[in-house]
Each structure stands twice: as structure tokens, then as C-alpha cells.
């Protein structure tokens, strides 16, 4: 049996919700499901202001249901980060470091070399997360490449070979992002690739407060439809972990939510009222809804319009430092967790 | 009779539409008005890809209807600017320069000194328009202040005394924007103040393509409610012209539009259907709508969430250069219109 | 007797050395002085990687000798800061906070309101220190201005009323920096002004590693000679503390140092050699030297050419965070010293 | 015969002058040569404020003399660019476009695909030229790669397939710049590579006013000595043209110039004076000079200290737009020369 799951555009099948978070996809599907969702495991732990949620899509059945590839998705939620609470920032950095190590086995093998890829367009504020994280990393590969071990100095122990770069987006380079990454991975031959990306969420409360870590890789956003190349184990030949943070909610999500709120209100009133009302609402379907949303969001097409808080520039700077701090300590055992964040601010 | 028009928050009274553009306020009110709106004149001219719209709110009656202060509002629309059409950019710059001169009489008196104020927060991309325009202006006051005329050199003729600064926002300075401007105007004593600001529009097609010029001044956005000081002739003692460009549509506008689209669709079906439907919709009122929108836009309050195209960073850079070019040629007769834009890019 | 000390251009009289640091002026004058310099006290303490040097110019005599106004100059040297040593950063922040409090009495009076002024041009990397520090401050005045004390919330205790702004430079605004500050001080009426500025040093090792705190205020750099207005108690009517960090060495300093090195070498050889050599070198004077330097630095005039390390952009970012951290904890008793730096990164 | 020319560090052999410009190397060598320099041709044309200088190093002999690889070097000098003279900017852009086309044959073959590489570190102002030029290019390769020609739209005619990217520097990526470029060239297979880079000049008047175009490629700056990979035909397998602009003079150059000025002054006096003076100066050699310079420039090593005008941030922005404009029109026949510069500002 061959089944084609179109994971590309982040839509959850059947319920027409656009999200890059497996956590949200599961939430929405669960609402409409009696009992557990087949093929999908989930667990939730809370520690000191950081909520750790693990969704495991075990097979094709679960993948089809949630509209996401088979694999593990760890989501860290830290609402306190929005208030610039230093304690929550530190905790998130520590948890992120630990979860990343457990998912990849980094802590068990200090010889594994890593390449970090910062996806996204540095000229577009909400899309600049990946490049910003990369700028704050402790990069060491060039020191390890030195012929004489004595020149490697302080890096010889407690540090790992790490390379990093930001491939930009196709509109800036004329080259598909996946092609650039494939070329460099073939040349540099890292043991693991970690890709950092900005995501779109379904729920506003997830903006700038949530980190998703997954071993399924990532498919770079918006581009020429039929040629986008995934950044994953299949295309790169090495394990790929993607870390993403929701930076926008699409304008079409907000428009859809507003419509749903209205329909709910009418349904309540309608149920106590006449029958023709119920009939009208029953006839209202997803195609109509999507058409109306497109109408409202003309002259831009819906995908290019985003909803963000006004403070987004500050949020991107802040969260990218927290993520870089967590990454630095996960990669380099020598860097204590507190110093990971401070090292290259 | 004393009537208090609350112009502060940009809402058009009665129809609950949030816009800083007099053009849009008039459009929406006109839809619901038979004949002309009392107290409001309007005219429209089209020239080479730039549409020039003049709304004159003549009296208190018109002011109450549109929810904007009495005065003149000139709106330039140039949709081609979004495609970076160089000819449209040049045309818009020329028209802007001419309209500004006509509104202020600048071209008739080369001795008038001008202070340009760039409102907004330079750290918030859509709010950085004012500061960016100020950075591209040809500033000359300090040369004119020199004791010896021979040192003034090339500036002695064909140039005007121009000062410029960006007061920031209260959250950055701890000082109300209006206070900073008042202090500096008292000291520098310009003959005219021109304030540049980013606006919120009601219609998405107006984003980054529209310039409003008005002799009514401006009230700086978001802040502590009961103390915001207007930037206008009353508070500063000299004429104040405000130039603004819509950079965002508020998320609540999009949510409201989506609801309206849905209600319209139901009304069509409902009219051919039963009676209870019509009744339900009739009962649906603005308070309910606003409440639902607030619900949808939680956990952010609606005013802080904005809708922008992803390319906003590039749009701000582009339009601020066009505006600075138009301003430079309007202020300094010696600067040819083409060179105005190029001068300080 | 009336004597006019020209402190403006930072030259140490007699020995033609250009520095904004009282520490360096004293060093150089001391070299040529037998015993202590009259009217100048100096002491030096070292603590955990930070050297604290206090120069007190007690009277006009000392002022004339060092070419700096009468007053106290505290200089903190922390060479480790260049290696991004987190411990040195934290220590420097703590010492800076303490010294600032002792110089101003801030710690003894929590009601004193403060205005921080970030001098310099944000578009010129080495000159952007002041504006960058201001961006990272915790600004509170607008909260204290609220009518109802209950709205002041968390700020009611342990925080001080602080306002802050960056006046830019005359070439950007057309207004003299001193005029802008005078206007705002009259309006806001702070009890103390703290001005942050980038300095020029004489010695390369002082770049990015040294902080000077002085109660003499500051005279904003380069500008129209005969109109520059000092930022000090005389002009503002309230105490003014200036904090500055050397960001450049002037190119003319390097050229002069190179010549001196050569002359020294010749003198050694010359002394063992003939007599005409000694004569030649004896005849070589400061005027000749300055003329040669100007010749070498043509086509730029010497003051506009600066020497900086390539990494200056990173150094400015780093040191401005350290300074902002120290300032925040000095100003707001509630902010622990560690959190001062982290608060607004 | 095998001879090893060490071109890496830009030193002109024998006379110890550090410059990346073949024009300056020839100037200095010519001063000390009777007649023409063997193996080196030079010609000079002046047109409307732009001076065009062509140096052709024809063979190994010339290469050894000038310390530069065999090949053609075209240098455009436009002093007026420093005054932001729009006419000079336009002229420079036009001449640059024409010279680039003639050197590469681009204008004769519209099918040649091109990859533009922006060398340098975007975080270091004077080193950010390459990345800034790349940001302003019209990139088209991804449109040409589309399967269906009708989707290529406006690009089908008058435009060329162009890709572009900025590889960063080894300290940011952990990967040698040459390796990144080799990987991408193998993948993208362009017919020509154009590398943009910031240079070091010997003479201050060349800063920000001069463009060097050469068919010899480039060796990326500072890095681990024995592994730097050239960006040229040998390493990439396709023709490589390098375009560079002097952004800094090294501090050691200024120090050396100052010493030379002093020695010259002494020699004049010395010649009329005694004999021991002449002897002393005769004994003064390059090794001593270099040692003194190093002493003066401690605690930084000389290569990392640079001399720049204060306005360097503005100069980089301006010149990168001019270069991008010239490149765009050279690459895409459809872009008129005036619009080339404006297209993507």
C-alpha cells in the first residue's frame, strides 16, 4: 500500500487547521476523536514554569491523522518567557539542552560532529530566528581541522566539532535551500544536522513561548511548489533534528477563528430557535469558508499575511539567545548551562 | 453646545471601523449615507499611476461623522509602489512634494524654517517609518546658525533651514512624546512642524501604497490613556502637518471583516430561507462582535496584534526613501525632484 | 587671575597627547614631572581583574597641567573584557555600579530622579555606545508620572524614576546636542543627569576595556568650534556625571607614536655616534611633527580618521550591555546586580 | 623553473608595502625602477570624473615584481563618489558595467550563467561590502530552473541566470570559505563566478573611491595560514572575476608612512649637516622599522588594527549600491543602466 501524506503546507487533514506544531495538530484532532488517536502517543510533564509535551507519531496511520511525518515531537512551553523572566529563560535553556541531548544521544558521544543550519530570511523579522541563533553559536570545526593537536588548545577537550551556517532563502540566492544544505553536508560530512526554523502556530498563546524539537527534519517554507527539497535523513543521509519556534500565526487562521466564533454563537441561538437556521449552518462548509477568507485577505494571498505582536523584533532577539544558549550547552559539555547563554551575547 | 469627539483611537463612530485614514472613514460612512455627507467635501484626481484624493472636513458635524478632526486630508494612492516600479516611485515623490507645498505654502516662502519629527519606535519594524524618513533628510539648520554667512557656503541660497529628530516612544524614554516635541519646538522655534508617522489602515490594499497628508496634526499612538498630548497647532503654537503611511491593519480588523463576510453570506441564504435566521442575525450587534473578536485575539489584546505582509522590512525601507525624497525637494528648492530621493540614500 | 583652559579637544598641554582619559593625561604628565603633580591626587586599587584608578584634579593648577576640568575621575580597567570573560564582565558591572553610587550618592537617596543621555551617532559604529546603552536601560519615569499610585504596581518600591534618550548629533538633527539636552532637562527636571559617551584614548590597550566616570560632565565631540555647549552642572543646573569608554585611538596618535619610536631609536644610536645627529633631533619640534602627521593623513584631516580593531562592532555590543547592567543596578535598588545585566538583553 | 610567489598577504616584495591594489603595487615599484617594469603593461584613461587604469601582469617576472598573480587588473577611481555626487555615482556604475562585460565577454553571450559570491563578514562594517552587494542583486536562477518556460514570464528574455550568496567567514561557520564556494559551484555549475570583496589599500585617498576588477580571482583574507583556498579558476574550474573596493588602510601602513616622513625630513637636514647622521639613517632597515611598528601597535597585532574614516558605515552602504547597480546592468541586458542601481535599493 502506498499512501501519500502531504505534510508540506502544515494543514491538519479534515479540520483545515494550519499549524507547524504536532502538539496543536494533536489537540485539534483529539477534540474530534473518541479515545486515543490511533498511532499517536502523547505525554506531558511540567517543571518550574516549563511544560514538556511529547508527541510520538508511531506509524502511517497517525501521520495521516495529524498531517505530520512519523517521528518524535517534543514541545516546550514557557509562557513566562514573554515577560522576560530570567529564571524561566534559564530553565527553558536547560530543559531544551537536556531534551535535545536525549533525542540525539549527543551526551553519550562527544565525538559526534554537528552542523547547525539556520533556516529563514534574515531580512524578514519573524523569519530571522534561524540566522540569529546561528550567529550566537560557539563554532569550533575549523579549530579541530588544524593539523597539529597542540594548536587546538582549549578546544581539545569538552568541546565538540560544530559548524554552522544560514543558507538564506531561494529568493535571495536563486538556489533551493535544500540544494545548498546537501552540497555542504556532502563536503563537511557532519554526523548530525540540527536545523533551526521559525514556525507558524494555530494558537496566539504559542507565539514566542514554545519550542518544538523533532527528529523528522523540516521542509523549508514557501517556495516553488513542486521542487521543495526536505531537510531530513532521506535527503541528507545523516540524522536531522529540527528545532522550531512559532513566530507568526497566519492571517487566515485569525479570520477562520473569527468565523468559527460567530458560527458557534449562531448555533447556540439557532438551536433554541427555528429549523431553517440550523439548516443554513449545516450547509456552510470548509470550501465556502476558505473562499470567504481568501476574499477578505485579498489583495494579498493569505499565506503571505501574518499576525504578530508589535514587539516581535524584541521577542526574536530574546528567544534566539535562549535557544543559542541551550544549543551551546547541549553541544559542548564544557560549557556550563549558565554560561552557554552568556558566552556569545 | 460642547461636543467631545474622541479622535484618539481612530474608530469611525457608529460603524466601528478602525482606520487612521480620513479617506477610508469617508468611504465607509458614505456607504451608509444617502447623498453627500454633511460637512465633508471630497474630490479625486488621477495622474500617471498616482491617485490624489482630497477630503475636507469643514466643520464639527463632519468631524463627528468621520471621527477625525476638522481639517484637510490629502491621500495619495500608488499601488504600483509595491512592485518597486521606479516610475511610480518618482511620480509619487513628485506629487507628494507638490501637495505638501500647496498645503503649507512652503513654495511661496523660502524663509520659513521647518522642523521634521519622526514619530514611532525604531525597534519595531512597522513603526520605524518616521525615524527612517528623518535619517534620509537633508538637515541644514546648524549651517544657517553659523555666525558668518560666508561659512554657510552652498546652503545660502535654494536651501531652507531644516531641523529633524525622532523623539522615540514613551516606553523607551519615560517621557511623553508630546512633551519632548514641545520642549524642542520652544527652543528651536521653527515656523512649521512636519510629523511623520506610521498609520493603521482598514483595507489591506492601502498598506505601503498610500500617503496621507493632513494639516490637523497627529496624536501619538499607544500610551497612557489620559495623558496623551496631541502634536498640533494648539499644543505647539505653530502649524503642524502630519504625513502618514499605513503600515499595519489591526488583527481585530481582519477578524471583524471575516465575521462580516460570514454574516453577509448567511443573510443571502437566510433571506430565501426561513424567518428565524433573519431574526438571529438582526439581533447580532456590535457589542457581541467586539466581544467575540476579543475572545479570538486573546491572549494578546487586539490593539497589540497587527497584520502585515512578510516583506514589511523591505516595504518600510522603500517607502521611507520615497517619502524622504519628496520631503527633501519640497523643503529645498535647489534640490531637483529626481535628486531629492537619491541625495541621501 | 583668570585662566582659560581649553579642555575641548582633549589635548594634554605641552606634550601634545590627545586623550579623553584623565588617567592617561596624568600618566604622560607624570613621566615628565619630578615628584607629584601639583593639584592632582591619584590612587589605585585592584580587585578581581578590575583595576580602579581615581584621579582627583583639585584645582586650576592641576587642571591646566592635565588639560581636564577640575573634578573627580574614576577609571575602571578590565582587560579581561576583551576575551568575553563572563566573570570579568560581571565584576566590572558590579564595580561600575558601586563607584557610580559613591560618586553621586544615589544609594543614599532613592527619591533622586535621573535622566540618562546617550551621546553620539548611532550610525557610526564606534560612536554608537551611548545610544546602545540607553536602549538597554530600565526606564520608569512614565510609570511614576501616573496619577494613581496603585497603577504604578511593582515600581512603587525599589525602583527610581529614570528617563533616557539619545539626542543624536548636530549633523543628523541640525540642533546642537547641548541645546536638545537643556530643553529636555528644563522640562523633565531630573535631579541628576548621567551622560554616556564614546571616548578617544591614547593607548591602544585601553580600547573597549576601560570605563571613565567623572563628575565634570562632558563636551560633545566634533562640531562647529565656537558654539559647542558643555553638558555639565553650569549649563544644565543639576549635577552631571559622565561615563565614557574609549572606542577609538585617533590615526594621528598612531602616526605620532611611530615617529616617537623612531626618534628614540635614533637618539640611542645618535648618542653613541656624532654630534650633528643630536643637534638634528633636538631641533625637531612638535610643530614639525604635527605638520608631518597632517601630511601623512591627508586627504582626510587627522581628526576624522580613527584606528579600531576589526571586531569593533562586537566590542560595542558587548561593553554596552555591561555598562547598561551596571547602570540598571546602580539606579534601581531592586535589581540585583546579576539581573541588572540580564534584564533587557 | 618553479617559483613560488607568496601573494597571500598583499605585500609588495622588496619595498614592504601592503596593498591589495595592483595599481598601487605598480606605482610603488615604478618609483624605484628605471624605464618600464618588465612583464607589466599599464594604461590610463580618464572619462567624466572616473579614471580607468589597466595593469596587465603578463608573466611570472611581472608577478614577482608586483607580488600579484599574472592577469588583468582594471582599477576605476572616482574621488567624487565620496561627496555623494549622483552624476559620478551613475558614471562609475556605467563604467564598471562596461569594464566587467569586456573582461568577461558577458555581453557577447547571454546564455552564460553567473554565480556572485559576497566575501567577508557581515558583522564587521568595513568587511560587509560583499554581503551587502549580494543583497542588492537581481537573482534569477530559480526562475530559470522552473520546468515550464511560460512560468518564467518576464525573465525569459533580456535576463540571465544569476545565483548569489555570501559564505561568511571561517570564524562564523567553522568551514573554510573556499570549501563552501567549491561545494556550491559543483552543485550549481555556473559558467562564471564573480567574487566581491573588501580590500586594504596603501593610500588613504583610495578608500571608498576605487574599484578593482581582476580575472585572477581572490584569496580570502585572514585565516589559518596554511590552508587558505584561493577562489580562482584553478580551484573552481570556471573563470573567476574578483571585484574589490578598498575599505581600510592597515594601521601598520599609517605607522610606516609616518616613519618614512620623518626619515625623509632627517635626510634633508642630515645631508646638509654631518656625516654620522647619514650613516645612522643608512643603517635603519626594514626589519627595524617593522619591529618598531609592531611595538607601537601592540597589544593588537598590526593586521587586526585598521584605519577608517568615521563615516565608514555610510560609505559602505553607498558604494555597495553603486556596485550592485553596475553588476545588475552588466548581468541583465534588459536592465537599463540607470535602473540597475535603483532596482533593488
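Should a chain be cited, it is by its letter among A, B, C and D, assigned in written order, with residues numbered from 1 in that chain.
By definition in this document, contacts are C-beta pairs under 8 Å (C-beta built on N, C-alpha and C of every residue); 3 or more make two chains touch, one makes a residue touch a chain.
Note that the coordinates shown come from a computational prediction; the quantities given were computed from them, not determined experimentally.
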| request: Farthest from chain C by Cα centre, which chain is it? Let me know. | output: A
| Listed chain pair B-C, A-B or A-D that repeats interface C-D [over half of contact pairs the same by residue number] | A-B
| Hey, how far is the Cα centre of chain A from the one of chain B, in Å? | 37
| said: Using Cα averages as centroids, what's the distance between chain A and chain D in whole Å? | reply: 41
| So, what's the distance in Å between the C-alpha centres of chain D and chain B? | 45
| request: Would you pick out the residues of chain B that each touch at least 2 other chains? | output: 123
| Can you list the chain D residues touching chain C in their complex? | 123-127, 204-205, 251, 254-259, 261-263, 265-266, 269-270, 273-277, 279-281, 283-284, 288, 292-293, 295-300, 304-314
| remark: Counting only contacts in the complex, chain B reaches chain C at residues 123, 134-135, 139-143, 145-147, 161-165, 167-168, 170-176, 179-180, 182-184, 186-188, 224, 226-227
